[in-house]
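Which chain is which? They are A, B, C, D, E and F, in the order written, and residues in each are numbered from 1.
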Amino acid sequence: MTAGRVATVAPIAEAEATGKVAAIYADIKATKKIDFVPNMWRVLATNADHLELVWTRLKALMHPETVGRTSRLDPTTREIIALAVSATNGCAYCVNSHTAALRKLGTDVETLGEVLAIVGMFSSTNALADAYQIEPDILPPL
Amino acid sequence: MTAGRVATVAPIAEAEATGKVAAIYADIKATKKIDFVPNMWRVLATNADHLELVWTRLKALMHPETVGRTSRLDPTTREIIALAVSATNGCAYCVNSHTAALRKLGTDVETLGEVLAIVGMFSSTNALADAYQIEPDILPPL
Amino acid sequence: MTAGRVATVAPIAEAEATGKVAAIYADIKATKKIDFVPNMWRVLATNADHLELVWTRLKALMHPETVGRTSRLDPTTREIIALAVSATNGCAYCVNSHTAALRKLGTDVETLGEVLAIVGMFSSTNALADAYQIEPDILPPL
Amino acid sequence: MTAGRVATVAPIAEAEATGKVAAIYADIKATKKIDFVPNMWRVLATNADHLELVWTRLKALMHPETVGRTSRLDPTTREIIALAVSATNGCAYCVNSHTAALRKLGTDVETLGEVLAIVGMFSSTNALADAYQIEPDILPPL
Amino acid sequence: MTAGRVATVAPIAEAEATGKVAAIYADIKATKKIDFVPNMWRVLATNADHLELVWTRLKALMHPETVGRTSRLDPTTREIIALAVSATNGCAYCVNSHTAALRKLGTDVETLGEVLAIVGMFSSTNALADAYQIEPDILPPL
Amino acid sequence: MTAGRVATVAPIAEAEATGKVAAIYADIKATKKIDFVPNMWRVLATNADHLELVWTRLKALMHPETVGRTSRLDPTTREIIALAVSATNGCAYCVNSHTAALRKLGTDVETLGEVLAIVGMFSSTNALADAYQIEPDILPPL
């Protein structure tokens, strides 16, 4: 009556990784200060070019200090955006991953509740605005 | 060759509003410190009960000080969440509205760009995590 | 500063339609008791096989009496489902089309408001259930 | 090779609930005439204010008689809307919950099939209308 | 802490199928050259009319040669479209099903990675285009 | 009664572009063999780092020969994937842009119709698979 998620490809284990993949695995662990390679990266590694494209961009945006970039947002705000997007898309892996990241940054369960209350509310107003095809209040662009 | 958005109902103008609707219109303008009632609320007013339910919740979450509640998030973070949700849902009215709110709070065009860069990136990883049906890295709940 | 929707193909006008397309246009007008062919069908007509596949299915489900089928749902409930789906998907054309259909069936603006209030609320709880990855309450299948 | 859904927070058990949360738990069971608190509410209870905001709105819309409101829609239609939204959003918890509610209201498996056939068909036409950027058939608003 | 997917209806086993359902089951196995009826069809069979409507359309589009139709696309391209749509919708069943179909057609893991890299990238640009409400570059329709 | 899309930021015109932005504008025109910079890039240019991150990734995936990479997919298949994703997300700008690209590659209106027929059909089966929470047919990963 119940069945789980069924992965579509076999992830590349750390022990199997060589060359570019091994180097990126090492960079992921060092950059994120974790001692394992999350499933996301081990799956993307089935196409090494793709792994590199995704990691390069994520590193630049979420770990800007490692590439000499200055972010205008603090790390918690960046993870809140990631969680809001993931919840809106209903992406299970991503919701788990970004909730874990927020908690590591010190977000408690009540604050998480407030973030998600806002996510939930605007999911509602989004549906209503589309449902009524409400015209934008005209404002000059930024 | 081009046609615009077609509203499905006629909004209730401020001059037409009476009773509960008029009271909520006044509260919206006072709470948001604006001198007009945005289209969203004028459309919801076609069902006064619904207008009240949506406004009560939005006021509690986005203007907590007006109901004696203390938020764990600052106003800019709250609007960033709203924008991230709206962009992910592709809701035109909402994107315009929350971009305008952010700009009123002092967000400049480059910071907006960084917020949206993160929105865009995680839209991508969300699609990938779902596309590969990647298994969550198991972590205990918060 | 504003630009409209840009159609990607040129619709087939009624006067241009021949053969299978002309026959389906006539059937659409007769079945729906309208005196024009809505844009949706004129666009689908750019691939006549596709037009036929979509129209056949829609006719069976939304106009069951014309194919000798008995529906378990009344016409208003069927259009409410169509509107709920369209609003959730944020499909502009579809929201307009199904709102128009509901109104032709006698739905007034307050009832529309209640339908959409429910659509909006569950958009919110959907986002929350996904955001927390809430486990289903286990129940035996229907 | 398979892994399940991983909840992100620990729900508040009924035995642990106190104050506002305990009162809402009791109200949920009485209003819905069930003898357990569904997971949704036990998870939302991790932020008591949020639990209250969501329950208040859901109660007003889905159990209008308990707050002295008259609904223009019958209970089955209200749950059909909830299911249509949940299916469109692909929300697993919500699909299970609203299917269970419909079945409690007497909906059989064939009627469920017809509801979902309509959901499925308009998911298709929604994608097509967006894919072709079909212009709305212009109609005056409701 | 983990729970799986909970089916909402009991599928119709092959041994239970009679009449129209049995005939369609046989056609599915013959058309797809497989020796079992996938869960999708066994669930749709709970409403035999619905089963027929979905199967007829899918057969015409995905197995055109069986209905004397000539497709302008090759089978791998058709499955790639199916996978791109399914990944974008985050539909677990569908992602598994269409990945399996692609692999049967000879797609290897690196090519799958490239398909999904493109899916992931345009999920990102889609979110950005909506987030900024970028105006279409005006081009005449096809 | 109708209103268009309202851009949220002012795009950077070609004449205004300097430094990194000007160089990317030139690269976009050369790589895509077009004589104007599409709105997408002129808007992203409001945050030059973001423009670079998006362009680098798109160039690598969609114009692989310009970076010495060999693609396993032909250009038309790559654009079909882009269109399928864009239609599924309902992204107006993106649908227009990728339809234009396909047409430049020689896709005619009937082939476009077949692509979209498949997009539309699987939007439908996706909704159904989620609506019934159909369990995956268990298959070993690729």
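Assume contacts are C-beta pairs under 8 Å (C-beta built on N, C-alpha and C of every residue); 3 or more make two chains touch, one makes a residue touch a chain.
Quick caveat: nothing in here was measured; it's all calculated off a predicted structure.
Under the touch definition stated at the top, subunit C and subunit F share these contacting partners: A, B, D, E.
With centres computed as the average of Cα coordinates, no chain lies farther from subunit D than F. Set side by side, D-F and A-F show the greater C-beta contact count at D-F. Once the centre of each chain is set as its mean CA position, subunit B and subunit F turn out to be 27 Å apart.
Between the CA-based centres of subunit C and subunit D the separation comes to 22 Å, rounded to the whole angstrom. Residue positions of subunit F with contacts to 2 or more other chains are 1-9, 44, 49, 53-54, 57, 61, 85, 88-92, 95-96, 99, 109-110, 112, 114, 116-117, 119-121, 123-128, 130-133, 135-136, 138-139, 141-142. A complete topology is adopted by the chain contact network, contact being made between every pair of chains.
Listing the residues of subunit B that touch subunit E in their complex gives 1-2, 83, 87-88, 90, 92, 95-96, 116, 119-121, 123-128, 130-133, 138, 140-141. Residues of subunit E that touch subunit F in their complex: 5-9, 36, 38-40, 43-44, 54, 57-58, 61-62, 71-73, 77-78, 80-82, 84-86, 88-89, 91-94, 96-100, 103, 108-112, 114-115, 117-119, 121-137, 139, 142. Those residues of subunit E that touch subunit D in the complex are listed here as 1-6, 8-9, 44, 46-47, 49-50, 53-54, 85, 89-91. Touching subunit C in their complex are the following residues of subunit F: 2-7, 90, 92, 95-96, 99, 109-110, 112-114, 116-117, 120, 127. Put simply, subunit D touches subunit B in their complex at residues 2-3, 6-10, 49, 53, 57, 60-61, 69, 135-136, 138-139, 141-142.
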